[in-house]
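Just below is one structure, and these are the notes that go with it.
Chains: A, B, C and D, in written order; residue numbering restarts at 1 for each.
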Amino acid sequence: MKNGIMRPGHVQIRVLDIDEALEHYCGLLGLIEVDRDDQGRVYLKAWTEVDKYSVILTLADDPGMDFMGFKVTDETSLEKLHRDLLDHGVNVDVIPENELVDCGRRLRFISPSGHTFELYVDKKCTGKWGIEELNPEAWPRGLKGMRVQRFDHCLLYGDELDATLDLFVNVLGFYLTEQVLSDDDSRIAQFLSLSNKAHDIAFIFHPEKGRFHHASFHLETWEDILRAADLISMTNTAIDIGPTRHGLTHGKTIYFFDPSGNRNEVFCGGDYSYPDHPPITWKSDQLGKAIFYHDREVNERFLTVLT
Amino acid sequence: MKNGIMRPGHVQIRVLDIDEALEHYCGLLGLIEVDRDDQGRVYLKAWTEVDKYSVILTLADDPGMDFMGFKVTDETSLEKLHRDLLDHGVNVDVIPENELVDCGRRLRFISPSGHTFELYVDKKCTGKWGIEELNPEAWPRGLKGMRVQRFDHCLLYGDELDATLDLFVNVLGFYLTEQVLSDDDSRIAQFLSLSNKAHDIAFIFHPEKGRFHHASFHLETWEDILRAADLISMTNTAIDIGPTRHGLTHGKTIYFFDPSGNRNEVFCGGDYSYPDHPPITWKSDQLGKAIFYHDREVNERFLTVLT
Amino acid sequence: MKNGIMRPGHVQIRVLDIDEALEHYCGLLGLIEVDRDDQGRVYLKAWTEVDKYSVILTLADDPGMDFMGFKVTDETSLEKLHRDLLDHGVNVDVIPENELVDCGRRLRFISPSGHTFELYVDKKCTGKWGIEELNPEAWPRGLKGMRVQRFDHCLLYGDELDATLDLFVNVLGFYLTEQVLSDDDSRIAQFLSLSNKAHDIAFIFHPEKGRFHHASFHLETWEDILRAADLISMTNTAIDIGPTRHGLTHGKTIYFFDPSGNRNEVFCGGDYSYPDHPPITWKSDQLGKAIFYHDREVNERFLTVLT
Amino acid sequence: MKNGIMRPGHVQIRVLDIDEALEHYCGLLGLIEVDRDDQGRVYLKAWTEVDKYSVILTLADDPGMDFMGFKVTDETSLEKLHRDLLDHGVNVDVIPENELVDCGRRLRFISPSGHTFELYVDKKCTGKWGIEELNPEAWPRGLKGMRVQRFDHCLLYGDELDATLDLFVNVLGFYLTEQVLSDDDSRIAQFLSLSNKAHDIAFIFHPEKGRFHHASFHLETWEDILRAADLISMTNTAIDIGPTRHGLTHGKTIYFFDPSGNRNEVFCGGDYSYPDHPPITWKSDQLGKAIFYHDREVNERFLTVLT
């Protein structure tokens, strides 16, 4: 949080059918619908998040991610980030408050990898879902499906990883937690954190800019991953791979697809990190194990199916 | 990490017998002995920590905590913290480098609650125990006992909670995550974080200054808590309470005592937090549930046995 | 199953208020109401049981257990058991079919310990709740509360343990899996099984005949025990002790009370057994550890509160 | 246990290199070597088993299973089983006592599916490994690798499933718990139990007689399955598939290979059964889900790699 950016705050995902998407994101993942706007966008939150929403679904002709937003601690930090982005040569659009409901002014920019990001300070704080503010219970009764705890991070595919790393580290204040290096030591994957988490955002090299690999949601336990896997099967949801463990971050995970073809991950556990930790390096000859620790081989679908 | 303080980095614990203490902290908890010094102090680390050590055992006539140290990101931040402490009217002792082996210069001060704290930037980075730096496995084989992952936080008993909060929040850059308020709204417990963690340090009101309630170590799962409980029983170690869950932080926990009478906790899970989260409040008429969520009554020993 | 007795099939529990009891057994434990009869009795099942019901609640002025029934494989075995009971000097009442709804003829007798037992062959098989017979899913969606899997066993307090053991082993075909012996080697606890389970019925010595200690329900995992503990707290249900592990059977457990004061257990795991396994023995000087493996001391309430 | 057969008691597995096999079965699975004989066979046990051993490794030129043995309660039952086998037209060889060390007389026969089975009453009872008989701890310290709890069952491939079912049910007293039926309702898989377990032996149709698919070992929890998967990866052991869940039995599982190419399973959980339970049926159009509940498609390797 060196420069005041705290965490991933929201992601806007394009879907081909809102009702099917809601059945998936609410009925299966367990997100909670909290609002809609006059563009037809639907706002969802995960139960442990104190802000009003973290996922925005928008109807479109092709799936993918429109943008990912990060929450900043205060206006002074946001203004400094604005100046630093401009000084770094990044074009910044200012989106007025309430363009997303109950959200303050957002600074929007495109990374060298071709993805759209936003920074903002204010979003309506509605508290954890189903839990009293005073003497709170451990968890709410009435959650559905996988009962995901929070929107956690995105993994994005694109090019210009070095310039993207430079932007995220030197301007935005992220730090590099983990990387995959090819034989010639060029970086083909980079995981970046703002906090103790193993990643708040991750990029994998891909010759095409701006592709979306997955949005990831946090579960508490390996038992929850099993339950998620069971629910994926019971609902005839398309699975990608899992339950398994990653080598990178050592998180426990399962991947599957929403009805529009966007990949989702639910995961738990894995390594924590701090800014003084030396980045962890995987070599590309161990890419299979880096990605899927148990199978130790790359699932072609995981590398090529993008939105 | 607003002012550059990252995390709890070490705690020095007084024990009455070093060999018995090592059997407890290494054989039972699974810390690893890494060094000794000419004062007879023994240095221990938990396996996920990248720095050389986090627990220092020192022989004494009475048990307790000598001091707790926090690691700072860089010298500039440390110097600013030094000035800010002095400006706040806090007396600061500078402990020269290598007074603790392989540790840089430490700034030492006493909180209004009567506890000794330290800030430092440098400690030898030896990497995670038993894990390669390149293509790291998920965990090392050969760990002992409970296989604790890291020294996580301390809970301290003392008075002047308001002045202590002021120091930790306004000078050191912690934020308040959770509190217990009495009927007259005076704060009788305060939990403070530097990061995503529910607490990096906690204080409970007690009329006597400088008392030590427990040092806490992190485990990964509720299964690990059960295993810890089994090991406590198999080794005839004095148990305090657990396995159970806290209301405060909702962490899953078990408490027990080292052979000198110092209380230890091993815990997992519980809430995460961010600086913009409203502090969670428990009222003292729910103190039993706040402390032990399942039993909903205070264990007298938990409140009164201190070192 | 040597003499054809397969398993505990039902238990009739006396409660002081049917609606409160249903809120407890259905809302909290997750049993499912399947029928009522003209005596006002309510029939409940756990979801994995294939027979129509396993718990019968009946309104009464004092709590406790009316009787516990065991299911027998076939009529020939039942008739032989009838003759063997009479030969053993046991008085047997024949309860006509449908006295319990959809249940065949039951043979009823009283053990030397003063408890009423039944043997029967037929009960309507309605299949697992919420699961298709063909290509069954792993578990049903829509379960409530603790989602208990089955009525598992009862623990009963009474005298004449030797004569009771003789009846259960030599006439009914149970075998002794575990026992607690006092200093003079008299048996003060005996656990008996029909199958691989550590116990299908257990008796603890008590000078008064016919007392009910608890009915126990099976959960799948230690995570489920935690969830049960959380739900006990959220519903302000009276807890006895746990989550913890037993020394006897090594099962993981939590105890609590229904609104009428009857004790319930939910548990998981623990040892399996076979008829050729030597009985496991605990000595009474280790009674604390035998009962509560972690605390290693007897909870007075556990020994004295009976219905 | 209707006809006195209690459980799978041992399996003799052919391996191409004894030392490599021991590194696998002891170092990775956590079986314990207990004896060797003058044929060079090595005897192993799992820690919860009370009898001296359950796995016998024998050096051979090709991998596979030599025989699987079941333990019988008493001599009278064994003699009746002998007569019943002969009456059923099965050829029975009597293997003298101590041909396997510390094992009594064994009756050996071949099933219509082409597999060799044995029945025996006596094997030296040495008690659980690492646990005292009196006041036993929950588990022993010092176990290695996966710490498997017991040899649980075998899955065998062969033809003549109907005749094999007839033998196991009508002569040996097993009961059918689960089956896969093809479109014309011929049985292509049959799971058979002696007890509460979902299977003590299973057969899948294959045109060639006497093939060995896997020997399976029991773990306690889904966490243990993850740990097993991690260890498989850390030791560069060939994995087949998992961690996942089966549709059949709903057990949680992972498959891998010993250095000679024999498949092993470690699993936990899943359904329990009783003789009065209607057999569960899967249709072959759902074979993918029946075998691997999450992926819902057949892994070619799982169906074709046999020893």
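Going forward, contacts are C-beta pairs under 8 Å (C-beta built on N, C-alpha and C of every residue); 3 or more make two chains touch, one makes a residue touch a chain.
In this text the structure is predicted, and so the values were computed from the model without any measurement.
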item: For chain C, the least number of touch steps when starting out from chain A; value: 1
item: B-D compared against A-D, more contacting pairs; value: A-D
item: Centroid distance [mean C-alpha coordinates] between chain B and chain A, Å; value: 31
item: Computed distance of Cα centres, chain D from chain B, in Å; value: 48
item: For chain A paired with chain D, centre-to-centre distance based on mean C-alpha positions, whole Å; value: 44
item: Overlap residues in chain B, where contacts from two or more other chains coincide; value: 138, 221-223, 230, 233, 245, 289, 293
item: Chain B residues within the chain A interface of the complex; value: 1-2, 6-7, 48, 50, 71, 73, 125, 127, 133-136, 138, 195-197, 220-222, 245, 247, 250, 269, 271-272, 274-278, 280-283, 286, 289-290, 293
item: Complex contacts: residues of chain B adjacent to chain D; value: 137-139, 141, 221, 223, 230, 233-234
item: Complex contacts: residues of chain C adjacent to chain B; value: 222-223, 226, 229-230, 232-233, 239, 242-245, 252, 254, 289, 293-296
